[in-house]
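There are structures below to look over.
Both complexes shown next keep subunit A, but they swap its partner, so subunit B is in the first and subunit C is in the second.
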Partner chain A sequence: MRLVLTSQSDQPRLRAAFSLGITTLLVMGLVASQWLLGDSAQQMQFDARLAPPSIDHWLGTDALGRELWARTLAGLALSFWVGCLAALLSTLIALSLAALATLSARLDALVSLLIDTLLSVPHLILLMLIAFALGGGTQAVIIAVAVTHWPSLARVLRAELLHLRQAPYVRISRALGKTRWFVLHDHLLPHLLPHCLVGALLLFPHAILHEAALTFLGFGLSPSQPAIGVLLADAMRYLNSGYWWLGVFPGLGLLLMVLSFERLSSHLRRAL
Partner chain B sequence: MAKPTRSILLGIALSCLTAISNAQAKEQLVLAIGGEPEQGFDPLLGWGQYGNPLFQSTLLSRGRDLTPQPELATEWSLSEDRLTWTLTLRDDARFADGAPLTAEDVAYTFNAAAKAGGRADLSALDHAQAVDEHTVTLYLRTPRITFSDQLMTLGIVPSAERDNGYSEQYGRQPLGSGPYQLVEWQEGEQLIVERNPYFYGPTPAFERLVFRFTGEDATLSAAHAGQVDIASVPPALAANVPTHMQRVIMQSVDNRGILFPMQPANGEHAESGAPIGNDVTADLAIRQAINLAVDRNTLVEVALHGFGRPAFGPADGLAWSDDEEHVDAPDLTLAGEILDAAGWALHDDGLRYKDGLPARFRLTYPASDTTRQLLAEVSAEMVRPLGIEMQPTGRHWDEIQREALHQDAIMFGFGSHSPQEIYYLFHSQHAGNGFYNSGFYANPEVDAHLDAAQAADSLEQANQYWQAAQWDGTTGYGLRGDSSWAWLVNLEHVYFANTCLDVGELGVAPHGHGWPITANLLEWRWTCEE
Partner chain C sequence: MLEARQLSFQFAHNAPLLQAVSLTLSAGQWIGLSGDSGAGKSTLGKLLAGYLAPQAGDVALDGAALPKSGVQPVQWLPQSPELAVNPRWRVGKILREAWTPSDAQCQAFGIKTKWLSRFPQSLSGGELQRVCVLRALAPAVRFLVADEISTMLDPITQVELWQALKQEAQKRQLGVLVISHDTALLKRLCPLRYHLSEGQLKQVS
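Right after this comes the complex of A and B.
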């Protein structure tokens, strides 16, 4: 038993590759399902409203007779794109600000202040304020998630950059008269890419969960879009009436997606 | 030691006595029926126009058959030339601070409401004058058939001249002669009111009312947890009645329908900055096709769970509406032919196009309203086979006003006890007037009929003109004419009420699921022993 554990923990790269394979399969399946299913998530069957899970309706139907499996898949796909874009934007913001911080001591102080300020405000409140101010919708949710999730990653990247700046080869390069831009672009950024990748992957589950939370609370996507937050908010209304499948399956789907990305990012962090 | 002990015992005995007397009658009623007014409880700004003003009383009240009944005024008359109303007031009406309500207060209320430009339409009023302490005269500029409705909806406020008189803060600290007075209003949360000791009518059965302003989900949860005595519930969630409650249905003239922007988009903006017009809905063929394609019976069944009936106009069943306005059954073939004839060709992608313009537009609804969401989603599905894509879009009310009001089709609700609403909805003079006629509908023939109705000699004659505005044989705002709306359903208002609460005989509610049920509050009784 001990031997098995040791051999597993000794192979972080293998585990990361395994996680990557599983997650890639899940994502490819999700994307392909949206391509194959078309608009079946919105198709109504008025004679099969609120039908429980059965052979005809795999995960049951909602109040308008729409298949829950199609809606859950559509919701996960929507969450995936929102999460991807938000995590990507967030990483770009973090990287830009961390790079900015290396340019001068004053800029560094400013960026640090910004990071500390944003970290001191609860995420969800800030998210709601920004999404509400931008009028809701997919774009607003992506922007709100992106501008609230970068500080932790920016702090890591800034610390890494400050550390790298003192490395002998960087000091030599500067002593030889290379410009700051050259040093940043050719020496520092290549070192940061693995950090960015892991950071973005760690941000992704957060982004998805916050997107769902925002939508659930009514500040995010339109209630007519099949987003996971919308499905869960709908399910809440019917919970008293015993329609358990409306909440359970979209919730499980979200959990599965978040867990798979969370595992992937933690394995990658160890492997890199 | 003896004295304090005795006083403690006396205190305990007294509190026991109080407890016993409390147990005999329920003193407090908790209502979760929504309807919190943004502008406060100020009749001059519109409070009381839909339903019951609660804090204030009106000159006349509406009977179950919608005829005027005495309230503050015991006698009333209209002059031969239909320009002067004379009303005699009761002499025992007092405001909640004990001061008598006089003709001065009535004159002040009408003059100030005319200036305030709120929801009360007093544009025909020249001025109001107190003749003596109990007689008031209202002088009109032109005969206005719907003016009497204002006598039944405008709550009387104390004159600004007297102590505790009307001020800018009135909406938050209302003082009136109605059955209840305000104790505390925590905006967005709850309103607590208590009996007005000086109320001239019968004493209400409940000393205190607590109105909880919660969303649909929280209201339903509170009802199931036994925390409220009466709760308004959306029809889609009305199937599962909590064990200690019963379902109460109130008939209504409350309707839901799709308002179409009537002007093409030519870059114009309303005063609010919202863009005006929509090239797709400005086409008559599109509006006619949608009206033919929606299956209203299925909408009632699916979106209202049977708690309603199909709607074909803004005032179905009322005297000022044309009974012949209806669609027998959805007819997609005829709708398709109309679209073909108008040049909307069906393409391979399942959508119709005309000169490169796709038949696609947003159908906006307030995101917090489940019923409107269901209606929007189901009706969009119904017109999809035609090649028209209505995109159901949920937004907040303020965003609707800022962005969507004049350029999107909107899932609206109206319904009034007065034909004045028809005038607001379809007269070009009210184009862009808030939510009324927000589609900028304008038809000179319809305007002429509406003006003629307002100036009519009698209610019967006025009703003929109101109906002609809907369809006069050649044009009209209705289905056979401009199809300016696709009216969908008339609602039944559903409430869960505690089985011990007897709400008496309910009337017919106007638009507004909530306050209208309090119209007969004085008849409500608690039938169980606490």
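Right after this comes the complex of A and C.
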């Protein structure tokens, strides 16, 4: 006889809790590593340049003898903060514009036009233009990613708000003398919080991938910072020389972080 | 006095639902409205409460248009109480959204204190409907459109709900439009009854 311990409806919640646990551990490890490592990511050892992975150099070293594990961890931590801020800013823009769209038909048309316009322009080109116009650097990357990533979430939130606005309890609230602000703040926005949470988590992997892409292309973070994009761009120069560890480990780290957040957001979406 | 004056209404790409319908509801008066499904009973109720705008004609309260803001003097009570409440609010907050009913009023409608700390999902349809009806009876309210509010309730709950509403309406001279398929119920509650058919109101003898 087979013993069923969990019901079908508990499965998504269990998966979401498991993903949340893994991702939290990953993030805590990243944050803690930055305190423990100090400036290890910048320390050069000229007698150990381009050393392959070994007991002494776990993930190998780069052309200046810097430990790749320290640089990968530092790069992931930097990507994490950039991704967090960009996703948060993007979600705030999406939520504000979706809320604005519910106030009048004219504002709704304007917001829809803005969403369609931004969605019709290729992402990366717009990212490069904005990052270039802002002069590069961490701030420019965060702004560029935030400004280009909100439209798809805003479209979902706008549709949800327009649907909710017609809900009987919302219309009754208005008939009971409640203001539009009250309805938005007390009835509509609390319903959107799970959507915002999942939306922000879905934006996060996009944000860090685009941050890495921008930096790789030379429009993002400064080459002096141990960003994943910088490490990958450095690795490109040694691609044909057999120094495979330069690109593989930072790439795997980025993949692991993107996947863990992508899994977490997809499980949360089902659970909520 | 609440008046529907020559109201005409049709949903986009559909045949006209109401054609020059007129109805007058006075303070303290109970009017019954029956009709086949899809005849436009609920639409007429929503037009009277200002939830929909007519294509022709108008709704007047004491000769003037319905107010645009504040507590509406005409309140619409829908059939499904589950859709009429915010599922994330506790029942106490729902009940006090517009005003704070007294303990005696809660008792009259059979609302128990223990319900107030619960979420609406844990209340039955009948219990929730009582909350919705009392919530709609804010002091500024003068007319009610009760749109099939007892259809989904058991006979005992139906009687309790209508008794409480009848008492409150008598006390405050509320005008009530009762929409229902149940002609026996309409006969018991409303001295004046109409049947809505093919966009026209006909008085039922």
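Operating definition for what follows: the second predicted complex is superposed on the first by the 262 of 272 C-alpha atoms of A that agree within 3 Å, B and C clash if a C-alpha of one lies under 4 Å from a C-alpha of the other, contacts with A are read in each partner's own complex, and residues count from 1 in each chain.
What we mean here is this: a contact is a pair of C-beta atoms (placed from the backbone, for glycine too) under 8 Å apart; a residue touches a chain by one contact, two chains touch by 3 or more.
Source: prediction; values computed, not measured.
J.: Contact-wise, after the overlay, does A:191 reach subunit B, subunit C, both or neither (first, second, both, neither)?
T.: In the superposition, A:191 contacts subunit C only.
J.: Between subunit B and subunit C, whom does A:135 touch in the aligned arrangement: first, second, both, or neither?
T.: Only subunit B; A:135 stays clear of subunit C.
J.: Could you look at A:224 and tell me whether it touches subunit B, subunit C, both or neither (first, second, both, neither)?
T.: In the superposition, A:224 touches subunit B alone.
J.: Using the touch definition from the top, say if A:173 reaches subunit B (first), subunit C (second), both or neither.
T.: second
J.: Which partner reaches more residues of subunit A, subunit B or subunit C?
T.: The larger set of subunit A residues in touch belongs to B.
J.: Between subunit B (first) and subunit C (second), which, if any, makes contact with A:241: first, second, both or neither?
T.: first
J.: Could you list, by residue number, the parts of subunit A that touch subunit B in their complex?
T.: 42-44, 46, 49, 63-64, 132, 135-136, 218, 222-224, 236-238, 240-242
J.: Touching residues of subunit C toward subunit A in the complex: what are they?
T.: The touching residues are 49-51, 69-72, 75-76, 78, 80, 83-86, 88, 97-98, 135-136, 138, 140.
J.: Quick check on the complex: what are the subunit A residues that touch subunit C?
T.: 167-169, 171-173, 175-179, 186-187, 190-191
J.: Hey, which residues of subunit B end up touching subunit A in the complex?
T.: 216-217, 220-221, 224, 236-237, 239-240, 298, 301-302, 367-368, 370, 373-374, 376-378, 381, 391-396, 399, 403
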